[in-house]
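A, B, C and D label the chains in the order they appear, each numbered from 1.
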Amino acid sequence: MQEFNLEQMVQNLEEQIGDKLRTVRDQFFIVLNIDKSELRSLMFKLRDDYGFNHLANLSSVDYGEEFELVYHLYSIPANDKICVKTRVVRNSAEVDSLIEIWSTADWQEREVYDLMGIKFKGHPNLIRVLLPDDFEGHPLRKDFVMGGR
Amino acid sequence: MQTDIYRVNVGPIHPSTHGGLHAEAVMDGEIIQDVIVHLGYVHRSVEKIAESRTYQQFVPYTARLDYLATNLPVLGYCQTVEKLLGIEVPERAEYIRVIMAELSRIASHQIAIAATGIDLGATTGLMYGMRDRERIMNIFEMTGGQRLLSSYIRIGGVAADIPDDFIPAVRSFVNDVPQMIDEYNGLMTGNEIWAARMQGVGILNPEDAVKYGVTGPNLRASGIAYDIRKAEPYGIYDRLDFDIPTGSRGDSLDRWTVRIEEVRQSGRIIGQALDNLPEGEIIARVPKTLKPDPGKDIYHRIESAKGELGYYIVSDGGNKPYRLHVRAPSFINLMVLPLVCRGGVFQDIITNIATLDPILGESDR
Amino acid sequence: MNGQGLIKGLGITFKHFFQKEITEQYPDVMPQLAPRFRGCLQFEFEKCIACGICVNSCPNNVLSFETEKDENSKKKKLLSYTIDFQHCMFCNLCAEGCPKQCIYFDHNFELSSFKREDIKMVYLRPAEMDMREEESTNGQEQQESKEQKQIDAMQKALQKNPGKVLSKILEQEEDIIILSELMQSDEKTAGKIAELMVKDKEKAAKVAAGFVNKAKKNRAKTETAGEGGDAND
Amino acid sequence: MEALFVNLAAVLSGWLTSLGLSPIWADTVLLFVKWIIVITIITLNIIILIWLERKVSAFFQERLGPNRLGPFGIFQTIADAIKLLTKEDIVPSAADKLIFKTAPMFFIVVAVMLYTVIPMGQGMEVINLNIGLLFFISIGSLSTIALLMAGWGSNNKWSLMGAVRSVAQMVSYEIPLAFSLLGVVMISGSLNLQDIVAAQGKLWFIILQPIAFITYFIAATAELNRGPFDMPEAEQELTGGAYTEYTGMRWALFFLAEYTNLVAVSALMATVFLGGWQGPWLPSWLWIIIKTYGVILVFFWVKWTFPRIRMDHLMSFSWKVLVPVSLGNILLTGAGIYFCRWMGWC
């Protein structure tokens, strides 16, 4: 791990990965939009070369035809932050598991699988975590029919 | 000697699982081989509820995430929405928020202290912790109207100005904090039986702690001085002077002492906030319907009593969040429970659950 | 270590053995509730203007109401108001939004009931409200309420600055002081004077003078009585 | 006052012989009466003790404790007893029924048997046994079997864990318990409890045998399954340990037995270390009650202050600390006695 600044890092990454990486800067984060095939290698680079050792948040959003997976990474103690997003199509919602890179991805991926129904390739124990095992459907999908009052 | 492995279900109904936690212990005699954690007994689909509530309506739901530190999750959510909409919070409100947030942190830690006390058999420790916490509850009742889930912090500020007897009550509480800590230390920390039950139990080394995303007092007990109030200050924390207590061994005793020290530091913070409490507005001018720009998303995090509490909100331009995700520290901290329990004896499960201090309302959401 | 901690712990519990208990003696002694305490939700039908802010702000669909459009005044008329209290989160969002303060929390916290149906509170439109509305079409009530408002304002003014207001009907400063003292101790007097001042100033002056005279007499009496008592001793 | 009960017994036995009963039958009837009195005293004591423990623990925790029923809530225990008696008696379907049902009875019988030898005053005991102390220790250790029966019979993992723990614990603590009493026996030269009391006429054995007193106190706490050694129950860990499956009166019997044991052990402590029934001014039977309750209050105090010890620490504490210390105490006592004789002091 060497001294770096975020802009430089983004440049390096863009050079290395090419058109599969699209960088957007918003008010709060530098967002790296990555093709899902490159997700694992990008994450390895971010952790090993740039010290993003803290996967703070792993979340997913339903955009109709596609799901978006959102990773918020921080580095301890350097305190840099970056956001990585990747998209998967609804019908074959599967993405590489990051459990090898950050163990914390374990339950967070299980949660995403549980509530959004995205599968994680390489996850050793991909079962529901919050809902009962016999639950049908994935409630955070927008087409989930809610009952109740 | 050949022995069979057997499984004991600690929870979901068990005196010391702090709610509906179900830890399935795989045991070889008294030695723990593994712990399998089953969650979801308190799952209330908060994230789905958020999608059908307006930004303001969701505020009381956040209070029910970490119900022992009720103002902290509310603060985190309100700050996230404020950041998303670019709302400036008045100075006075920021100070009141800090006071309420730190009081909540103390309340949560006192529950941790009290519950650890009873989990380890020191029933009297429970009563002393709860007794002191009751004073905070009175302060919450005075300001927010409710004792446990006060729903006092609002988007843009706080719901109402502090009442007249608020400052004396908080001051006297803060002044008594060192005395309370002495009592906890005298009754529990200094006790040899206590120390023997905690020292070297449930060791979490710093590498594992970071790898597993553990945050809050549990991470600091492993020796990493990482506190979001210092690392990425929100509100007015950059103007306040306080220390980050850390441990060295990462065992249960460190987690316990770090919490006790944090109570002291929170007391310091409240004292400073009271000293500098400015006059002025308590809530910003917030439109009746909040409509952030479509497609905007934000991840904002605060240092909750349990660790890094983050909210990820995606807006579609409507008055309701398109997607809201809560990064619950208890959920992620619980992931290390099997790791810290392995190889210990059965009673260590109880110690470890107590000192990891999960709150199931938050972890199950 | 080596037992010192154990002995210290014993010392702490021993000390507490003789300390005062902190138990709240509910229900023998009712707890002291803070003014902002949120107990049971209360609704005042007559104040409500059926704006619907409370219903819209409730996160958990606790509140609901039925309205009817009044054909004459083209105002919304509230028919019934339902509080399904079992779902209430006590968040105070309804009460904060209400422009008329007609929904609020009182201090009653003993909310348990035997049946689920008993939790639901339904407020129906009281019959006398319709009757009063008919009267108001004659314009009588409007005037009445206008007058009442004036009287209220006058009373407030009297309380705030009695000297200035009373100088309109009384001339001597001594009398003004006596009367303002009297009004502070007796709200009824203040109300009467305020009412008269709005309706009939001359009468007000007479009554005020009467009050002052009476007060003077009383004072004289007590003074003499006090003196007499001293003499007897 | 002093000889009140002794005289009563003499009157009763005289009356019985006057009825034409042979002396041996009169003695048997008298024994029976004594037993009934002992059981009544035990029950009364327990009603008071349960109330006392709740009250004392409440005061330690700045609470009020029971205060609704009767003055200072003293009738609370009776109300609880009625509640427990009217509760449904649930026997788990998978339980070993015979063992499950007999365990609480066995426990209480063993506990009551301890009172046979305790001198409750001058000349006041059920039987004046010349191996009283030995009897007490050996009967006391039988309660282990009751707990094992309860744990095994319940057919529940928590119960079994509690039972196994308690067996391990009680067996290990029996040794320092007996060893710490040996010092006293060596000085007094007798296993008869009345003789031991008489030997303390000048000096209480707590002063001659302070180490034995402390080791006995710790070992007795463990024997009684009281905090900080309440392994068999351990609500916060084993949800109730050996008693998890018990309800109603069966459950209550366990607690009756525990308190019965508590009184017995405290009375033995008062007898062996605190001069027994001896004391100025007051009658002897009042002195033993006062001393016993003093010891019980210390037990309460310890329980409501300390956290529960861990199982492995508990075992190693017994074998690595208490056993060597109590053995050392015997050596020291022996040396002391030898030294005394050599010096001609005794």
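Structural remarks
Basically, a residue touches a chain if its C-beta (ideal position, glycine included) is under 8 Å from a C-beta of that chain, and two chains touch if they have at least 3 such contacts.
Note that this is a predicted model, so its numbers are computed, not measured.
Judged by touch alone, the chains other than chain D, held in their current positions, stay linked as one piece. Put simply, the chain nearest the middle, going by average C-alpha positions, is B. More contacting C-beta pairs link the chains of B-C than the other of the two pairs B-C and C-D. One finds 39 Å separating the Cα centroids of chain B and chain C. If you average the CA atoms of chain A and of chain D, the two centres end up 64 Å from each other. Taking each chain's centre as the average of its CA atoms, chain A and chain C sit 56 Å apart. Counting partner chains per residue, chain D shows two or more touched chains at residues 60-63, 304-306. In chain B, 124, 128, 131, 187-188, 191, 193-194 are the positions where the chain touches two or more neighbouring chains simultaneously. Chains touching one another form the pairs A-B, B-C, B-D, C-D.
Chain contact summary for the complex, chain D toward chain C: residues 56, 58-64, 301-302, 304-306. Residues 26, 28-29, 53-57, 59-62, 70, 72, 76-77, 79, 81, 83, 102-104, 106-108, 111, 115, 128-132, 139-140, 144, 146 of chain A are the ones touching chain B in the complex. By the touch criterion stated above, chain D contacts chain B in their complex at residues 57, 60-63, 157-158, 161, 227-228, 230, 234-237, 239, 304-313.
Across the complex, chain B meets chain A through its residues 39-40, 43, 45, 47-48, 52, 83, 208, 210-214, 224-226, 231-232, 296-301, 308, 310, 312, 314, 322-323, 325, 327, 331-332, 334-335, 364-365. Interface residues of chain C, counted against chain B in their complex, comprise 1-6, 8-9, 11-13, 16, 22, 33-38, 57-59, 89-93, 96, 105.
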